[in-house]
Amino acid sequence: MATVSPTLLVVSAHAGDFVWRAGGAIASATARGERAVVVCVSYGERGESAKAWREGKGLEEIKAIRRDEAERAAAALGAETRFLDAGDYPLIGTRELLDQLVRVYREVVPTVVLTHTLHDPYNEDHPEAARLALRARVLAQAIGYDAPGEPLGAPPVYLFEPHQPEQCDFKPEVLLDITDAFDAKRRAMEQMGAQQHMWDYYTDLATRRGVQLKRNAGPNLGLPTETKAEAFMRYYPQVTDRLE
Amino acid sequence: MATVSPTLLVVSAHAGDFVWRAGGAIASATARGERAVVVCVSYGERGESAKAWREGKGLEEIKAIRRDEAERAAAALGAETRFLDAGDYPLIGTRELLDQLVRVYREVVPTVVLTHTLHDPYNEDHPEAARLALRARVLAQAIGYDAPGEPLGAPPVYLFEPHQPEQCDFKPEVLLDITDAFDAKRRAMEQMGAQQHMWDYYTDLATRRGVQLKRNAGPNLGLPTETKAEAFMRYYPQVTDRLE
Amino acid sequence: MATVSPTLLVVSAHAGDFVWRAGGAIASATARGERAVVVCVSYGERGESAKAWREGKGLEEIKAIRRDEAERAAAALGAETRFLDAGDYPLIGTRELLDQLVRVYREVVPTVVLTHTLHDPYNEDHPEAARLALRARVLAQAIGYDAPGEPLGAPPVYLFEPHQPEQCDFKPEVLLDITDAFDAKRRAMEQMGAQQHMWDYYTDLATRRGVQLKRNAGPNLGLPTETKAEAFMRYYPQVTDRLE
Amino acid sequence: MATVSPTLLVVSAHAGDFVWRAGGAIASATARGERAVVVCVSYGERGESAKAWREGKGLEEIKAIRRDEAERAAAALGAETRFLDAGDYPLIGTRELLDQLVRVYREVVPTVVLTHTLHDPYNEDHPEAARLALRARVLAQAIGYDAPGEPLGAPPVYLFEPHQPEQCDFKPEVLLDITDAFDAKRRAMEQMGAQQHMWDYYTDLATRRGVQLKRNAGPNLGLPTETKAEAFMRYYPQVTDRLE
Amino acid sequence: MATVSPTLLVVSAHAGDFVWRAGGAIASATARGERAVVVCVSYGERGESAKAWREGKGLEEIKAIRRDEAERAAAALGAETRFLDAGDYPLIGTRELLDQLVRVYREVVPTVVLTHTLHDPYNEDHPEAARLALRARVLAQAIGYDAPGEPLGAPPVYLFEPHQPEQCDFKPEVLLDITDAFDAKRRAMEQMGAQQHMWDYYTDLATRRGVQLKRNAGPNLGLPTETKAEAFMRYYPQVTDRLE
Amino acid sequence: MATVSPTLLVVSAHAGDFVWRAGGAIASATARGERAVVVCVSYGERGESAKAWREGKGLEEIKAIRRDEAERAAAALGAETRFLDAGDYPLIGTRELLDQLVRVYREVVPTVVLTHTLHDPYNEDHPEAARLALRARVLAQAIGYDAPGEPLGAPPVYLFEPHQPEQCDFKPEVLLDITDAFDAKRRAMEQMGAQQHMWDYYTDLATRRGVQLKRNAGPNLGLPTETKAEAFMRYYPQVTDRLE
C-alpha cells in the first residue's frame, strides 16, 4: 500500500474561522513541510461580514472580498484552499454538499482533520459544518461509496476552540504549542482587515492557552515565558505506543 | 536544572490492581529502559483475597501472600514496588497516608502517573486511592510542603480501566499499543495464582481494545491482527507540539 | 438608536403549549404593560387534539377549534398571536419556516424569548420548534440576512418546563414568581375546554414550584403561603450589574 | 379493548446490525412464543459490505446478498423481517421513510421496541435510524396521524449496545440473560458469512456481559459459569409494581 | 446455600425521610409478606425538628419525639426499625458508623436496598448517609471483613426521590406503582404530626408520578385514574431475563 | 422580623483567591454601600507563596506577609476580613472548622455568598473550602444547630471563576458588569506584590468576560467598549419576579 504523506484538512464553516481558531496548527504543520488544505464551506457572506453590509456592498462583492481575505490568510499559513460556496446564515447541510465534501476527502487524503465543535449556541452554522465534516469522513472510508479515489483511512479529528468556549461545551483536551508558528498566525489574522479588534483578542487567547500549556507541561522544562498555544478537543480516542 | 529521566509511578489501591489494569503500560515503559515504581496502598487483604479467607488463612498470612504475588508480578513487568500497608475494605485516606504518598512522589520524581478512576460503584477503595494519588501529586509540587526533596513538576496523569468501565464513567481516551509488552503482562498475570479466570478475561479485553485501537489508528497501516491494547483516560489536557 | 420597548416573544410548537408552560410569565409581563406575542408554529391538530378526532371531526375543523382556543387563552393573558400553520406530528423545520420566523423576530423585536427545551423524548415537535426559534433568533441578528427590518439585538432566551421535566433534562434555573399573574393563567387554561384534567395538574405544579421558590428565596421574607411559580432554564448566561 | 400480545419490534439501520446487537433478545422472546419483527431500514449495501465490493460485485447483487443473509439470520432467531431499502451511507431520514415506519408500528403493534443509540461517532446511519424509530413510535400513538390501524400504546424502548460502547455514551442499564438463547444467536451470526471474525468478537462480548450480569445479580444464586448476556439502555423510565 | 427471603433495607439519614420518599415501596413490600427494615442513621433532631426547637424543647426530648414518630410511621408501613443515633446537622460518616452499618447488612441480609441520592445541595446529610449505605453494602460482601454473619450477595440499590429532584440530579428511572399501598403511606405520613403541610405535598407528588407512570406504561391498559407512584433511580444495572 | 441589610460573604480558601476571582463583585457591592466580609480559611502559606519560600522565609513570617497583603487588598475593595488560619496544602475540612464557619454565617448574616467551584484538579483546597462554605450555610439555617445568633435565611450562592475554568467544569452562568469597580479591583490586585504577572492576566480576563457580556447583553445598548466583567456560576436556582 502506498505511503500516506501527512496532510491536514481543515473544514471551516465560514471564510474566516480557520484563521482565528486553527491558524497556529496550520502554520505549524506547513512549517514541518506537511500539506494543509482548508475547505471554506461558505464565505460567511451574510453572517460574518457586517462591516461590508453596513458599507452598502452587494452580495457578490462581499463574497469576493471574503474569498480574497481567506486566500491571503491561507497563503500566510502555507495552506491551500477549497471554496464550496454553500451559502451561510443559514448554512444548510444538504445531501449534495455532503457528497462534495466526501470527494474532497477522497482527493486530499487527510491524515488529520480539524473542524468546529458540535454545539454552538451563537452560530448554528458551525455545528452544521462540523456534522458535515464528520459524516463525510466516515462515508469516504467506505469502499461502497460512489466517488473517485480510494477508501480513506480513519484520520483523527480535532475540534477547534469556539469564540465562547464554555457555552459550547468546549474543554481543552489538547494544548498545542504554536510559539514558533505564531508569527505566521498573526500575519494571517492581519489579512482580515475588517476585524482588527480580533487580532489582539486571539493574541491574548494564545497567551492564556500558553500559560495553561506550561502549567500542564510536566517536566518539560525550559518553555519560554511567551509560549503561545491553541486548544483542541479530540473526537476519537488517541492512539499511541507510549504514555508520556 | 537537572535532567528528569522518564519514570512511571503507578498508585494501586490493592496489591493486584496494577497487574490487570496497567501491566502493559508498565512493561512497555520498562522495555524502553524507563523506570517504573508501583505503590500498593494496601495488600487487598480483606477485599480481594476471598479464596485465602475461605481456606482459613489468617490476616498476616494473607498479606504476606498478596505481597509476594505483587512482587513477583512487578518483577515480571520490570517494576519496583512500595507497600504502604494502609489497610483495605475500607481503605481510608488519612492525613498521614497522604503525607506518605507525597514523600514517595518527592523521592521517585515521576514523569508520568497512573492510578484508578474517581468513580467506582463496586469498590470505593479505588477512588479513595485515586484521590490520594491526585492530591499528593499537587502537594508534592509546592515548595512550601514540608517533605524531603525538590518540588515536583506537573507529570501527566492517566486513569486506568476499571473492571466494569461504563459503570465507572470510564471512556477510553487513550488507546495504548501493548502488543510487544503483552507477553510480560501475561506472565505478570500468571503470578496471581488465585485468580486464574482473570488471566483470560484480561487477555480478551486486551484483544478487544486492540480492535478499537486499529479502528482509530488512522493511516497507521500495517498493524498486526493480534494487536493488543490498554485503555486510559487523561486527567489533564495533553500537551503537544503537533497534531497527529 | 431608537429605544427598545420590553417585548416578550413566545415560540410555541402547538397551539396549547404556551398556556400551560408560560402563561404566568406572559400574564406577568402584560400586567406590567409590556407587549407579548405568541407564535404558534402549528395548531397541534394531529398530536394534541385526540378528543376532537375521537368525536369524528375533520382536519380543518380541528385546526379552527384549536386556533379559537389559543386566541381566547392569549386574550386572557393579554398577548397577541401569530399562527404559522406549519403542520404537526411531525412538525418539520423547513428552510421556509425558518425564514418566516426570522421575519417575525425582525417585526416584533423581542427583548425576551421563550421556547421549548431542546430535548423531549415524548414529543419531538417541541425540540424542533425550539431549534427553529433559536436559529431564527441568530439569523435575525445578521445585517446580511435578507428580510425586512433592522438587525436584532441579542435577547435572552428562556426554555420553559416540559410535561415530564426530568426526562427532558430540564433543571429549574429560574423560578419566576407568578402569584399575582396566576388568576389570569388559570383563566387562560380554562379556555382549553378539552383538557380539563390539565387545569388542576398545572395549578398543582405552580404550587410546587412556588414552594421551591420560597425555599430558594433567601432573605426575601414575607412571601405568601400560596406563592405560585413557573420554572425556566436559561439558554445564555445572565447579564447583570449586581449579584443578589 | 383487545388484548395486546407480546411483540418485539427491532429497528436496524443495516441488514446485519440486529444480529450482533440484539440476537439474544430476539431469540429469547421467540423462544417464549412471542412475535418478533425486524425492520432493516437499509441493506447496509455501501457501508457494511466491503468484502463484496472488493470482490467486484454490483450494487443490486450486494443488496440481494445482504437481504438473503438477514433473512437467514432472522429465521435462525425465529423473527420476521421487513426491508425498507432506504439506502445507506448515508441513510437519510426523509419524511416518507418516517411515514413508512409509522405504518409498520401501526401494523405490528409492538409491545417492546429495540433500536440503536442516539450517538455513534463511527456511523451516523445508526443514530439516524434510531431517531426515525423513536419519532415514528410517537407519531403512531396519535389518533390524528393519518395511517391505517389503531393508535399505538407507549411500548418501552431499549437501545442496544454499539460496537464501541463508551464512544457512543452507552452505559449498560439492563443486562439481559441470554444464556439459553445464545445457541440461536450463534447460528444467526454464522449466517453472516463475510464477517467471520465478528462471530468470536460477539461471543466474547456476551461472555463479558455475562460476567457483569452475575456481578450485579444480587442474591440470584446458581447462575451458571457460562452465563451469557446482552446489554441495553432504557430510553424511558421502567414501570413496575415491585422493586427487586 | 440457604434460600434468601425477600428483604428490603432502607437507609434513611433522618427519622422522617423514609416515610415521604419510600413509604409506598415499603408498604408495597410488606403487603406482599416481605420483610422491611428501616435504619434511621440519626433522628433528624437538629435539622428537621424546627417546630420542636421553637417550642423550647430540649435535645433529648426532641430525639424521643422523633423516634416515636418514626416508630409509629414504620408500624403503619409494616416495617422494623433500627436507630443508630449518629447525630445530624452535620451527619458525619465515621469509620465506626460505617462498621455499624456493615453489621446491619450482615444481620438483615437485604435483597433490595433503598437510600438517598448522592447529591443534594439542600442537605448534605442525605448524600453522606447514602455514601455510608453504599460503602457498607460493598464491605459486607467481603468474606475478609471482620463482622458476624455471612458475606452478603449484591442486592440492587434504588435511590429515592429528594425534595427538589432536579437540583439533586434526580431523574426517575423506575416508576413504582404504589396505588394499593398508598393508604398505608398516607397513614404513615400522618404520624409526622409537626409536618402536616407535607402530607398533601407528597400526596400530590404521588399523583403526578402516577400520571407519568401511566404515560410510560405501554400497553398496560386499564390502570386506574387515581394511580399513585413513587420514583427511583437505579445505582446498578438491572438484571433480567426478559425485556418488557 | 428585622430587616436584613445586603451583605456579601466571600469564602476564600487562601488569602489571595478572593482578589483575583471576586474583587470586582466585592468592590461593586461596597460601592453601593453594602457590607462585604471575606473569610480566608487559610493564608495560602504553603501552596501559594512559592516566592517567599524560595527567599528562605519561615512559616510564621510567610503567614504574616500573606495576611498583610490580604488585609490591604480587602481594604482596597472596601471589605472586612476574617482569618481562620486552618492551614493549607492540604486544607482539611474538620468538624471544628465547619463549626467556625457556621458561627461566621450566624454573625455576619450574609444575603449573598461567594465561594470556589466544587471541582478543581489543580488545587483540591479550593473545592474543600467550597464544600465547607456550602455545608456551613445549610447548618446555619437550622434553629437546632447550637451556635449563637438567629437561624440564617437561604442566601443565594455564586461560585467564582477558577484559574483554568474548563478543567473545573466552570461555565459562566452569570456575567457581572464590573466596569465601574475595576479600578478598585486593580488596586487590590496590586497589593499582591509577589504575583505581578497575575495583574495583567486577570485584567485581560476581565476584558474577555466583558466582550462576552456585551455579546449576551441583548438590547442593553450603549455599553462601553472597555466593559469589564467577572463570571460566576449559580449553585441554586435564581428567584425573580420578572424575566428580562
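A, B, C, D, E and F are the chain letters, set down in written order, and residue numbers restart from 1 in every chain.
Note that in this section a contact is a pair of C-beta atoms (placed from the backbone, for glycine too) under 8 Å apart; a residue touches a chain by one contact, two chains touch by 3 or more.
Just so it is clear, the structure is predicted and the values come from calculations on it, not from any experiment.
Peer 1: What shortest step count links chain B and chain C in the network of chain contacts?
Peer 2: So the least number of steps between the two chains is 2.
Peer 1: Check every other chain and keep only those touching both chain A and chain E; list them.
Peer 2: Intersection of chain A and chain E contact lists gives B, C, D, F.
Peer 1: More than half of A-B's contact pairs recur, by residue number, in one of D-E, B-E or C-D. Which one?
Peer 2: More than half of its contact pairs match A-B, so it is D-E.
Peer 1: From the centre of chain F, which chain's CA centre is farthest?
Peer 2: Most distant chain from chain F: D.
Peer 1: Taking each chain's centre as the mean of its CA atoms, which one is farthest from the centre of chain B?
Peer 2: So the farthest one, by centre of C-alpha atoms, is C.
Peer 1: Tell me the rotation angle, 0 to 180 degrees, that brings the C-alpha atoms of chain C onto chain D, to the nearest 5.
Peer 2: Nearest-5 rotation angle for the superposition: 120 degrees.
Peer 1: Whole-Å distance, chain B centre to chain D centre, using C-alpha means?
Peer 2: 37
Peer 1: Which integer distance in Å separates the CA centroid of chain D from that of chain F?
Peer 2: A distance of 53 Å separates the two centres.
Peer 1: Which residues belonging to chain E are in contact with no fewer than two other chains?
Peer 2: Within chain E, the residues that touch at least two other chains are 122, 167, 172, 212, 215, 236-237.
Peer 1: Please give all chain pairs that are in touch with each other.
Peer 2: The set of touching chain pairs is A-B, A-C, A-D, A-F, B-D, B-E, B-F, C-D, C-E, C-F, D-E, E-F.
Peer 1: Under the touch definition given earlier, write down the residues of chain C that touch chain A in their complex.
Peer 2: Within the complex, chain C contacts chain A at residues 95, 98, 134-135, 138-139, 142-146, 235-237.
Peer 1: Using the touch definition from the top, list the residues of chain E that touch chain F in their complex.
Peer 2: Going through chain E, the ones touching chain F are 45-47, 49-50, 53-54, 62, 89-90, 92, 121-124, 167.
Peer 1: Spell out the residues on chain D that touch chain B in their complex, using ranges where they run on.
Peer 2: For this pair, the touching residues of chain D are 122, 164-167, 170-172, 201, 204-205, 207-208, 211-212, 215.
Peer 1: Where on chain A is chain B touching in the complex?
Peer 2: 1, 4, 6, 8, 25, 28-29, 32, 111-112, 114, 153-156, 158, 172-177, 212-213, 215-221, 231-232, 234, 236-244
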